[in-house]
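Each of the next two complexes has subunit A plus one more chain, namely subunit B in the first and subunit C in the second.
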Partner chain A sequence: MAGAARGTLTMRRRREILLGAAILVFLALLPLGVGNVYLRGLIVLTLLYAGLAQAWNILGGYCGQISLGHALYFGIGAYTSTLLLTRLGVSPLFGMFAGGVLSGGAAFLVGLPCFRLSGHYYVIATLVIGMMVALLAANWDFINAAQGITIPFHQESWTDLAFRTAILPFHYVMLAYAALIWLIAWLIEGSRWGFFWRAVKDDVAAARSLGISIYPSKLAAAAISGAATGIGGVLYAHYIGFIDPDSTLDLSLSVLIALPAVVGGIGTLWGPLLGAAVLIPVQQLSVAWLGSAAGGIDLMVYGALIMALALARPEGLVSFFQGRAREEAADHG
Partner chain B sequence: MSATLIAQVAIGGLLMGLVYAVVAAGLSLIFGLMDVVNFAHGALLMVAMYATLLIHRATGIDPLLQLPLVAALLFGAGVAIYRGLIARTLSVRVNAGMVQIFVTFGLSIFLVGAAEFLFGSDFQSINTSLLGGHSLAFGAIVLPLPLVASGIVALFVFLGLALLSRTEFGQALEATREDHEAVALIGIDRDRVFGIGWGIGTASVGIAGVMLANFYYIAPDVGTNFALIAYVTVALGGFGSIFGALVAGLMIGLVEALTALFIDPALKQIGIFMIYLAVLMIRPRGLFGQI
Partner chain C sequence: MAEPLLAIRGISKSFGSVAANVDISFEVAPGEILGLIGPNGAGKSSLFNIIAGSIVPDRGEILFAGRRISGIGAVACARLGIGRTFQVVRSFDSMTVLENVMVGAFLHARRSAAAMRAAGEVIAFCGLAGRQDVPAHRLSPPDKRRLEIARALATRPRLLLLDEMLTGLTPTEAREGMQLVRDLRAQGITIIMVEHVMEVLLPLIDRAIVLDLGRKLLEGRPAEIVRHPDVIRAYLGDRYVA
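This part shows the complex of A and B:
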C-alpha cells in the first residue's frame, strides 16, 4: 500500500521536479499580476527566506544538525560582497562567489570543533559562536562597527545588482536563488550523500556500522549549507543597500532562517518554501497592519501563530499535502 | 589599577554570577527532568520583573517582601505552560525536540509582544525600595546592597533545591528523570511530576526576576540577554546538573566582570564565550554533565 501510494522513487523524484518547474513558472509570472509595490517587496523577501531556510534545511533537516548560528554565514556573505564593492569596486556577481566560498569555509571551520558535540551542546555552541562574531563585528572599526555600511547608489545596473525603484529585477534574482538552493536540495535527496546524511540523522550507530564516516559527512553538509546561506546574505545586502551587525549577524536572524524550515517541515523538499510562504507574509503584514497602531500586537500574533502551527502540525505544513496524497491513493486503491 | 578595585569588581562579578546561576538552575532542572530546552525562560524572567514592578506600584509592597508571592505566581505559570503547551508536545512522534524549541520560542515572542503592548518598550525601574540606594562597605570594598542581597537569596534557592532532592517528591523527580515510562508502574503520576518540575523551574527564574527588579532596568526584552547567558551557563555546567549551573554561573559572573575591567566593557561577553568554548573542547558535556 505504502509503496503504491508513493510510487517508485524515480517516479516520485520526477514528479517533484515537474512540480518544481510548475511552481517556478508560476512564481516567475506572479509579479505581473501584482501591481502593488509593497506586495512585490513582500514576495521578494519571501523568496529570499525560502532559499535561506532551504539552505539551513540541508544541514539542519537532512543531516539533523540543528544550528542556531546560521546568521554568521549570512553575515559573512553580506559583508564580503559589500566590502568588495564599496572598497574595491568589485562586482557582486563575483562577490557572490567570494561570499559563498568564505561562508562555506566558515561553516566548515565551525563544524570542526562543534561536530564533536552532541545534541543540545551543539545547538548552544553554534549559537555562542554566532553571537561572539556579532559582538566582535559590532566593535570592529574596519567594517564600520555597529554603524554599518551603506552601499552607495550610482545607476541601475545588473553588474552592481543596483536597482533603485524597480523591484522586478530583484524578484528574479531571489527567485533564481530560491530555485537554485531547492535544486541543490533535490539533487542531494537523490545522491549518495543524501542517503548518508539521512542515515547519520536517523541513527548514528547504524550509519557508522554501514561504513559511513559521520564526521566528514557532517562537515560536507555544513559547508554546502553555509555557502548557500552566505549567497543569500550577499543578495540581501545588495537588495536592501545597507548592512550592520544587528541586521545580518544577530541571533534573531539565525532563528528567522531556521523557522520556516521547521514550521514547513524539517528535512523535506517543500517544507522551507511552504514555511516561508506562510511565516514571512504573516510577520510582515502584521507589522504593517498592527505594529504601528499598537506596538507588540504584531509580535503576539506571530508568536501565537508559531505556537499554534508547532502544536497543530508538528510534522510541518507539508503534512497537509502528504495526508491528502495518502487519502487519494487509498481511494484509488 | 589597585588590588581593592580588582577585588571589588571580582566579588561584584561573583554575586551577579549567583543570579545567573539561579536563572540557569531553573532551565537546567526542566532540561534534566524531561529533555526540553525552554526558550521562553528569558521571557519568564521579564514577566517576573514586570509583576514585581506592577505589584509595587499598586500596593507599595517592597520587592523583597514580594519574593514568595511572585515565586508562587511564576510556579503557577510554569505548571500552566506545562499543561497547556509542553504536555501536548510529549505525544509528538516526529522531531519532538524541534517542536518543543519552537513552541517555547513562540511563547517567548508572544510574551515579549504582550509586554510591549501593555507597558510600552520604555525602560522602567523601581526607584524606592528597602534595598535600593544602600551599599555595604567591607574595608575599602564597597558593594551595592541589592546585589549582595541577590547573592544571598540565590544561595538560599540552591539550598532549597539541594534539600528538595531529599524529599519524597525530589526522589519522584529523580526517578522520573531516570525513566519516564517505568515510574508509572510504581504509582508516580508522570504528568504531575513534570508539571511541578516546570513550576519549580519557573519559580526559580521568578525569584531571580524579583531580585533583579531591585536594581536592574525593566523592559520587554530584558530577558533576552539573561536567557542567552543562562543557555551558556547550563551548557558550561552540563545540561541537567544543578550543581554545574551554580559553578558555571559563578565562573561566568567572574569572567564577565574581569573582562569588562581589564579589556573593554563592550566586549565583556566575549570573555564568557571564550571560556565556554575552551571548556567544551576539553569536556564536550560541560563540567558536570552526564547526558
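This part shows the complex of A and C:
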C-alpha cells in the first residue's frame, strides 16, 4: 500500500511529461491542418504567450511573488537582441543568450530591494519600476526613443531568424520556446528549489523552520523567471521585426503576460498554456472584430470574459480537468 | 547532568509593555523529554520561538550543543538541528502530505528521489502512510499535527520543540500522540513539549519547567510539580491552596 502510494507522485510526473510530449507533437503538426494565414499568426502569438505566462508562473505561481513588471524583462530581451543585430550584426542566437542573461540579471536586481518589502508592496514596486523604465526608454535617444527600431530584412536566414514570410518558421520557433519553458517549469516542480519555492509561497514561517532561506529563494526564482521572459522578448522582436517601448515595455504587456497564468491556474503546470490558449485568441479576435475604432470595447469584452472565468473557476481553468482526480484522491484519503 | 544539549541563560523578552519572558534559565540533557507548563500567556510559545530562532531575545543567551545560537535566526537554527511545530498548525496547503514532508527532507537530500525515500520513511513512522497523496489541507486536525511532526522530523533534528501538539485531541488521539513522542525519544531525539493539560503531559515527561507570567516558577520532576503550592495557585487560584 505504502509502496504503491509512494509511486503516485512519480507516476503523476511521468504522465505529465507524456501528455506534454503528445501536445508537442500535436502542435508541431498543427500547421498542416491550418492553412489560413491569420489563424496561423494567432497560433504563433498564443505559443509565445504560453511560454511567457509559464515564465511568469515560475516566480508568481510557484514562488508566490506576483509581478506586474514582467514587460521590463521582455523589453530588455527584445532591445538587447535587436540592438546587437542592427548595430553590431550579432546573430539573435547569441542575442537570445545575452537577452536572457540581462533580463534575468534585471529581475535579480529588481528583487534585491523589492523582496525586502512584504506582501502587496512587491506587486506595487514591480508595477512602478516597469512603468518608470518604459517612460525612460521612450525618451532615450540611443535606443531611438519612442520611434522604435526596425529590423531590416536582408535575406532568409535561420541564424538571423529572418524569413520572407515569418509565420511558419516562427510557429516552430515559438513552439520550441513554449516547450522549453514548460520543461523548465516541470523540472523545477520536481526539484529541490521547486519544493523550497512552493514552501515559501505557502508559509514563510514554516519554510524557515525547515531551514529554507526565503530571500535567496525568491531571488533565484526571479532570475530564472526574468531570463525566460527575456528570451520571449528576443523572439518577439525578430518575429515582428519592429520594436518600440509601447509594444515591448508597456504595463498592458505586463498584465497580458500574467493573465494567462492567473486565469489558467496559478502555480500549475498546465494553467499558463490553457490560459494562453483561451485568452490570446479571444483578445486578438475581439481587437480584430470590434476594432480599435470602437474605442476600448475590445478591452471590455476581454475584461468581461476574465471576470466570468474568475467567477466560474477561481482556481483557474485547470480545475476543470483536476476536479475528478482530486475527489478520487480524497476518497482514498 | 551530563553536558547539556541546550542551555538557556537569563533569557528575557518583552513585546511593548508585555514581559513575555523574564530572566529564564534552565538546561536540557540529551535524550530528555522536558515539559514546559504554564497557564495562558505564561510565555511558553514566546520561549519556543526564541529557542527556534524566530524571535531574538532582548537579553540572555542560548547554547545548543555548546554553540551560541541566540540571534542567528530560524533558518540557521533549523540547519543546526532544531526542529519545531507550531501552536497554530502551519501546513503547506498547496502540497500533498508527501510533498510537505519532502520539503523538510530536502534540507539534507539534494535529489528528489532521495528526499522522497526519506520522506516516505518519516511518514510511515508518524502513522500517515495511507495519507501520502492527500492534499495537506484535507487532513483532519490530529493528522495535521502528525504532518507537522513528520515534516520537522524529515530535517533530522537533534532537538524537537512541540507546541501543544496534544491540545484539542480526543483521549484516544492524545494517547496515540503520546506514543509517537515516546517513539521519537527512542530514536534519540531530545524533546521539549508545551502543553496546557498537565494530566497528559506528566506521565510522558522526565522533567518539567513551570512558567507563569513570563517567569520560571519552578523546575522539577513530575511528581514534585503537581504537589507544589505555587503550581496549584497559578493554575487554580489561591483558594485551592490547602
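Here are a few things to note about the model shown:
In this section, the second predicted complex is superposed on the first by the 310 of 333 C-alpha atoms of A that agree within 3 Å, B and C clash if a C-alpha of one lies under 4 Å from a C-alpha of the other, contacts with A are read in each partner's own complex, and residues count from 1 in each chain.
To be clear about the criterion, a contact is a pair of C-beta atoms (placed from the backbone, for glycine too) under 8 Å apart; a residue touches a chain by one contact, two chains touch by 3 or more.
Worth saying up front: this structure is predicted, and the values here are computed from it rather than measured.
Residue contacts after overlaying the shared chain place A:212 against subunit C, while subunit B stays out of touching range. Contact with neither subunit B nor subunit C is seen for A:164 once the two complexes are overlaid on the shared chain.
With both structures placed on the common chain, the touch criterion links A:117 to subunit B but leaves subunit C unconnected. By the touch criterion stated above, A:9 is placed in contact with subunit C alone, subunit B being left untouched. Applying the stated contact rule after C-alpha superposition, one finds that A:195 touches subunit C and leaves subunit B untouched. In the superposed model, A:304 makes contact with subunit B only, not with subunit C. In the superposed model, A:154 lies in contact with neither subunit B nor subunit C. Within the superposed three-chain arrangement, the count of touched residues of subunit A is higher for B, of the candidates subunit B and subunit C.
Residue overlap on subunit A between the subunit B contacts of one complex and the subunit C contacts of the other is empty. For subunit B in complex with subunit A, the residues that touch the partner chain are 31, 37, 85, 88-89, 92, 94-99, 101-103, 105-118, 120-121, 220, 228, 231-232, 234-235, 239, 264, 266-267, 269-270, 273-274, 276-277, 280-281, 284-286, 289.
Across the complex, subunit A is touched by residues 52, 54, 73-75, 78-79, 83-84, 86, 90-96, 98-99, 102-104, 106-107, 109-112, 115-116, 120, 124, 129-135, 138, 151-152, 154-155 of subunit C. Across the complex, subunit B is touched by residues 66, 113, 116-118, 120-121, 123-125, 127-129, 131-132, 135-136, 138-139, 251, 255, 259, 262-263, 266, 294-308, 310-311, 314-315 of subunit A. On subunit A, the positions that touch subunit C within their shared complex are 1-2, 5-6, 8-10, 190-192, 195-196, 198-199, 201-203, 205-214, 267, 326, 329-330, 332-333.
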